[in-house]
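The two complexes that follow have chain A in common; it is paired with chain B in the first and with chain C in the second.
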Partner chain A sequence: MELKDKLISSYVAFENGVDINSDIHEIRSKALQNFEDLGFPTKKLEAWKYTSLNAVLKEDYSIFPKAETAIELADVKKYFIHDIDTYKIVFIDGKYSSFLSETTHDNMDICLLSSALTKPKYKAVIENYFNKIAKQDNLTSLNTAFANEGAYIYIPKNVEVEKPIQIINFTTGAENATMLQPRNLIVAERNSHVQIIERHQSLTDNAALTNSVTEIFVDTHANVDYYKIQNDNINASLVDNTFVEQQKEGICSVHTFSFGGNITRNNLNFYQKGEHIDSILKGITIIEGKQHVDHHTLVHHIEPNCESHQDYKGIYSDRSTGVFNGKVIVEKEAQKTNAYQQNNNVLISDKATINAKPQLEIFADDVKCSHGCTIGQLDDQALFYMQQRGIPKKEANALLMYAFANTVLESVKIPEVKKRITNIIADKLGVDIGFDL
Partner chain B sequence: MLKIENLHAQIEDKSILKGLNLEVKAGEIHAIMGPNGAGKSTLASVIAGKEEYEMTAGSMELNGEDISELAPEERAHAGVFLSFQYPVEIPGVTVTNFVKTSINESRKAQGLEDMPAKEMLQKIREKSELLEIDRKFLSRSLNEGFSGGEKKRNEIFQMAMLEPKLAILDETDSGLDIDALRIVSNGVNKLKSKDNAVIVITHYQRLLNYITPDFVHVLHDGKIVKTGDASLALELEAKGYDWIKEEVNG
Partner chain C sequence: MSKYTEDDLREELKTKEYEYGFYTDIESDKFPNGVNEDIVRAISKKKNEPEWMTEWRLEAFRVWEKMEEPEWANVHYKKPNFQDISYYSAPKKKPKLNSLDEVDPEMLATFEKLGISLLEQKRLANVAIDIVMDSVSVATTFKETLAEKGIIFMPISEAIQEHPELVRKYIGSVVPTTDNFYAALNSAVFSDGSFCYIPKGVRCPMELSTYFRINESGTGQFERTLVVADKGSYVSYLEGCTAPQRDENQLHAAVVELIALDDAEIKYSTVQNWFPGDAEGKGGVFNFVTKRGLCETNAKISWTQVETGSAVTWKYPSCILKGNNSVGEFYSIAVTNNFQQADTGTKMIHLGKNTKSTIISKGISAGKSQNSYRGLVQIGSRAENARNFSQCDSLLMGNECGAHTFPYIETKNKSAQIEHEATTSKIGEDQLFYCNQRGIDTEKAIALIVNGFSKEVLNKLPMEFAVEAQKLLEISLEGSVG
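Right, the complex of A and B next:
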């Protein structure tokens, strides 16, 4: 059976586990209809021209894991940022793991979407925010149709969350192939501050497909920093759909570190709904083999006096392929917008490919919009220079690549995250240099 | 220290060095002068081991060991230092960290542990003072946005840190104002000892007022065509290179 048919036919089973008379289920049912009409994206769609899910969709995925699988903390500790104290919301094959998690309801809610969707206490927030900015496209609709579990983070006004929150989705591979659809909702009320780290990690070589949706609301003068660490194993694919709505003076940064996985597609969308907003979108992609990473970003400047900063660096080896499609829309009312977009790529091998497409749609006349896109190789002169100073070619290469990506790392605010990313990069480049630049 | 015999080298089938002989002993300073296109920078690159240049004949020994097949970093570990005519900008790597990496990679190659942080800092302080380098300068990205003079001074700073056996200064005077020239030359002179050697490659005599060579060689069309003492440099300054060409051709 095709995956689409399988998903639709198993919907009845899904409905057994949720309240089908709720408003939420109304939203889900509509979304299912939407997905049924649209189906999975194909390369015929402009937005999917360079990314094909065909091979990934052929796997016979288990949609509801049959058994709960326990995992030992010692086995998975390395996937956490464990050298600092954090809140943790951890899922194993889509099921909440209270054992690995550390949640709170003390002055804020850092917990599960499944309970937020059903308990009266959260009704107002859910009504105001759930599925309000998620697109109605095929994969987001599919996620919405099955939306039930994920992280729920609600930070009331003036609260500064004292430690970062980690959202981790493990796939155990207990089934032959697993499909997961986590759904996260994050609301940062006026003048609050929160830092979030998200990771998807498959623990075996069995195929895994994750279709994730995250909605982030950043209220007036609130500050949200979001870090996505994508370093999954080669049989795990991810479609990440993230939607950010910012109000007046809100600041939100999303850093996406794409180092592993089979096919990784990041759909990152920012909507600016007030003045003096700053949106920061940054990413480092370092891939090899036949890996594929696709960044589709959108920044929608709707109000005047706002800024957006995009900086994506990519290093592609072997036959790996990358896509960067950065769309910036500046509405007629959005005067004095300052939109910056930078996308630099290095192709290490002749067989690697990058498809880069900056897309600017500017309807206002008093704006500053800049974009730069480069595709090149590592500088031979610089390599020789470093070798001449005694740095072996491999290390010199690594240092150059690290330096190339460093503009993105500079803005990472959690030192332990920066250290982790640095270690992953050193590991990927096969060097043992403490890049302490 | 360095012994080059009958060196032939080419780049992309274009022959540049055509039978060059040069012997540099420990404690000596050699100047290599010559008109543009004579092959001066090529000689520097070939000694340092730049891959684009192919050595087609001859031999090249450092302290009795053949270095012609060594990778650039191996030559650096053996004690060869090249101060670049155009130092490369490396954004994202600070001067300090580059120098640290550089020193520790060389130590690693010699089977030594990393230099202790305290010792490293002490050395950085000492050498930056020698070259009158502002401490702030050391935390900037390597050569990025540096003026021509700053780049050259930074090269000599690295040389001071690495303490090479053989230093080749390729057009180190270009882009230097008179003060910077004095500082750089002073640095080189202080680093000079009976155990190391310096090759100064220059188009003009100016630098040689500060760094006095024991030998001056004139390079023309890929060969050393004339060798003399420091007075030869003055003669070249006064008369230009045409008479040498005539002497060679005539």
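Right, the complex of A and C next:
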């Protein structure tokens, strides 16, 4: 059976497990209808011109993993940022793992979407925010149709969350290929501050497909700092749909580190709904083999006096392919916008491919919008200079690449995350040097 | 002295009438509206074409019938009814001319209004003009001078008769009949155009130039231009357009093919100023053009365009850099005003080693217009050391217009070096203030700034054309360009 048909027919089974008389369920049913009409994206769609999901969709995925699989902390500890104290929301095959998690209801809610969707206490927040900014496109609709579990983070006014929050989704799928559809809702009220680290990790050699949707609401003067670490194994594919809505003077930054996985597609959308907003979108991509990473960003400037900064660096080796499609829309009212977009790529193999499409759509006249996109190589002379001074070629190369990607790392605010990323980069580049010397 | 502000300029832009909108009454020989195989055959017969040409057209027509009009461009318009257009219109009086004195005086008056007196040009400007008026060439000058060098420059319909081997070899080789909707239509029904062949090692001593004009109401203009520069030759080709004011939308779907063989160089410059529609966005020309050049080893093709007219422009002059060390260039100024929409840019396809391309695109939008740059830079996996530099700058005047950039960059080779940058800005108050302080009034200051903004492209135009380009910018952005 085609995956699309399988998903649609399994919806009935899904309904058994949820409250079908709720408003939420109406949203789900509508979204399913939408997905039924649209189907999976194909290369004919402009937004999917360079990324084909065909091979990934051929797998026979199990949609509802049977039982809860227990995993030992020792086995998965390395996937956590474990050297600092954090809140943790951990899911194993889409099911919440209370053993690995550390949640709280103390002055804020860091818990599960499934309980937020059903308990009356959360009704107001859910009604105000759930599925309000998620697009009606095919994969987001598919996620909405099956939306039930994920992280629910609600930070009230004037609260500064004292430690970062980690959201980790493990796939065990020992017997079958597994498809997961986590759904996260994050609301940061006025003047609050929160840091979040998100990771998807497959623990199996079987294929895994994750279609994740995250909605983030950043209220007036709130600050959300989000890190996505994508270093999954080679059989895992990820479609990450993130939607951010910012109110005036809100700051939100999303850093995406893509090092692993089969096909990784990041749809990152920012909507600026007030003045003096700052949006920061940054990413480092280092891939090899036949990996494919596709970054699709959208920054929608709706109100005046806002800023957006995008900086994406990519290093591609072997037969890997990279896509960057950045779109900045500046509405007529959004005067004095300052939008900046930078995308630099290095190809280190003849078989690697990069497709870049930095787009600007501007309807206001008093704006500063610029984008730069380069594709090139590392500087041979710099390499020679270092070799002359006794640095082996491999290390010299790695140093240059690290320097190339460093503009993104500079703005990482959690030192442990920075250290982790640095280690992953060193590992990717096959060197054993600490870059932060 | 009253203060001249950007608002005044906008006001003036809105009210500025199309100066070159007039209509010459020349009896024409017109086909019934619509297109089908019989019409295609009839056009071919009218032109007295050989069998292979008729077949080629029919093939294109059959392909076209199956195609759909493209919708991906960032333009919105009421689609033309292709069965409501007359596909052939030729001025009835078509004498074979021996000298300019025999040209219809009425037609001469038309050109006079356009500011190109043939006599004057012949005497002073040293420019040979192959005048195309409603699809049929009427007069060709300097033919003898060119013939001495072995240069062939004639209407394509004559070239099909006189040099069938050359036309047959190259027509459709760069833009195949199946390329796109408009190119297929053009291939089926094109009525005339220009053909140019520069023999081996010849440097064309003058700028070749053609004037396109849409004259007869309700006729589409389907021009076909074919320029072949044989090994080691050089030619600079100019193309300029103006059209009379018309109420209903007119369709123009031209195809231009350039072939630069080894070590050859072609410089192709266009100034386009077709009727853009009035201040309410009524009328105007639809300009759907396919232009493409092929570069063999060490060859160079350079496109320069100044686009100020047309209600809707859909145009992407491209270079296929097939040979090693070949070079492609694209310099463009696109000005849109009122309700004009332009979706224009270029494609640089790097296939050979050490190929280079440069893209400089300047968009100026005013009124309620939409101006898009859409470009593709593609580096093939065997294109070692390919180099591209792209720069797209937009200047916005007023907050009702839009400027858009859609660059596609596809690279399959690690040695490629690609840079792309784009900026969007308006004329800064501080810039104006600086000029005012130094005694330059606001009008002159705006002129200065716009001129400076477009300078990189204007500089690339041949002298003869630069004057005209300046003139056209004046019409589009009256009072702002000195």
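Convention: the second predicted complex is superposed on the first by the 435 of 437 C-alpha atoms of A that agree within 3 Å, B and C clash if a C-alpha of one lies under 4 Å from a C-alpha of the other, contacts with A are read in each partner's own complex, and residues count from 1 in each chain.
Keep this in mind: a contact is a pair of C-beta atoms (placed from the backbone, for glycine too) under 8 Å apart; a residue touches a chain by one contact, two chains touch by 3 or more.
All values derive from a computational prediction rather than experimental measurement.
Following superposition onto chain A, is the placement of chain B relative to chain C best described as a clash or a fit?
They fit side by side.
Examine A:365 and indicate which partner it touches, taking first as chain B and second as chain C; both and neither are also allowed.
In the superposition, A:365 contacts chain C only.
Under the stated touch criterion, which partner chain does A:335 make contact with: chain B (first), chain C (second), both, or neither?
second
In the overlaid three-chain picture, which partner chain does A:382 touch, first (chain B) or second (chain C), both, or neither?
After superposing on A, A:382 lies in contact with chain B but is clear of chain C.
With both structures superposed, pick whichever of chain B and chain C touches the larger number of chain A residues.
It is C that touches the greater number of chain A residues.
Could you tell me if A:399 is touching chain B, chain C, both of them or neither one (first, second, both, neither)?
first
Per the contact definition in the header, classify A:390: touching chain B only (first), chain C only (second), both, or neither.
First partner only.
Which of the two partners, first being chain B and second being chain C, lies in contact with A:153: first, second, both, or neither?
In the superposed model, A:153 contacts neither chain B nor chain C.
Touch check for A:224: first (chain B), second (chain C), both, or neither?
neither
Could you grab the smallest C-alpha gap between chain B and chain C in the overlay, to the nearest Å?
15
Would you pull the chain B residues touching chain A in the complex into a rising list?
That would be residues 48-52, 71-73, 75-77, 80-82, 84, 87-94, 97-98, 101-103, 105-106, 109, 141, 158, 162 of chain B.
Using the touch definition up top, name the residues of chain A that touch chain B in the complex.
Where chain A meets chain B, its residues are 379-382, 384-393, 395-396, 399-400, 402-407, 433, 436-437.
If we count contacts the way the header does, which residues on chain A are in touch with chain C in the complex?
Interface residues on chain A, with respect to chain C: 46, 332, 335, 345, 347-377.
Which part of chain C faces chain A closely enough to touch in the complex?
These residues of chain C touch chain A: 72, 379, 381, 394, 396-426.
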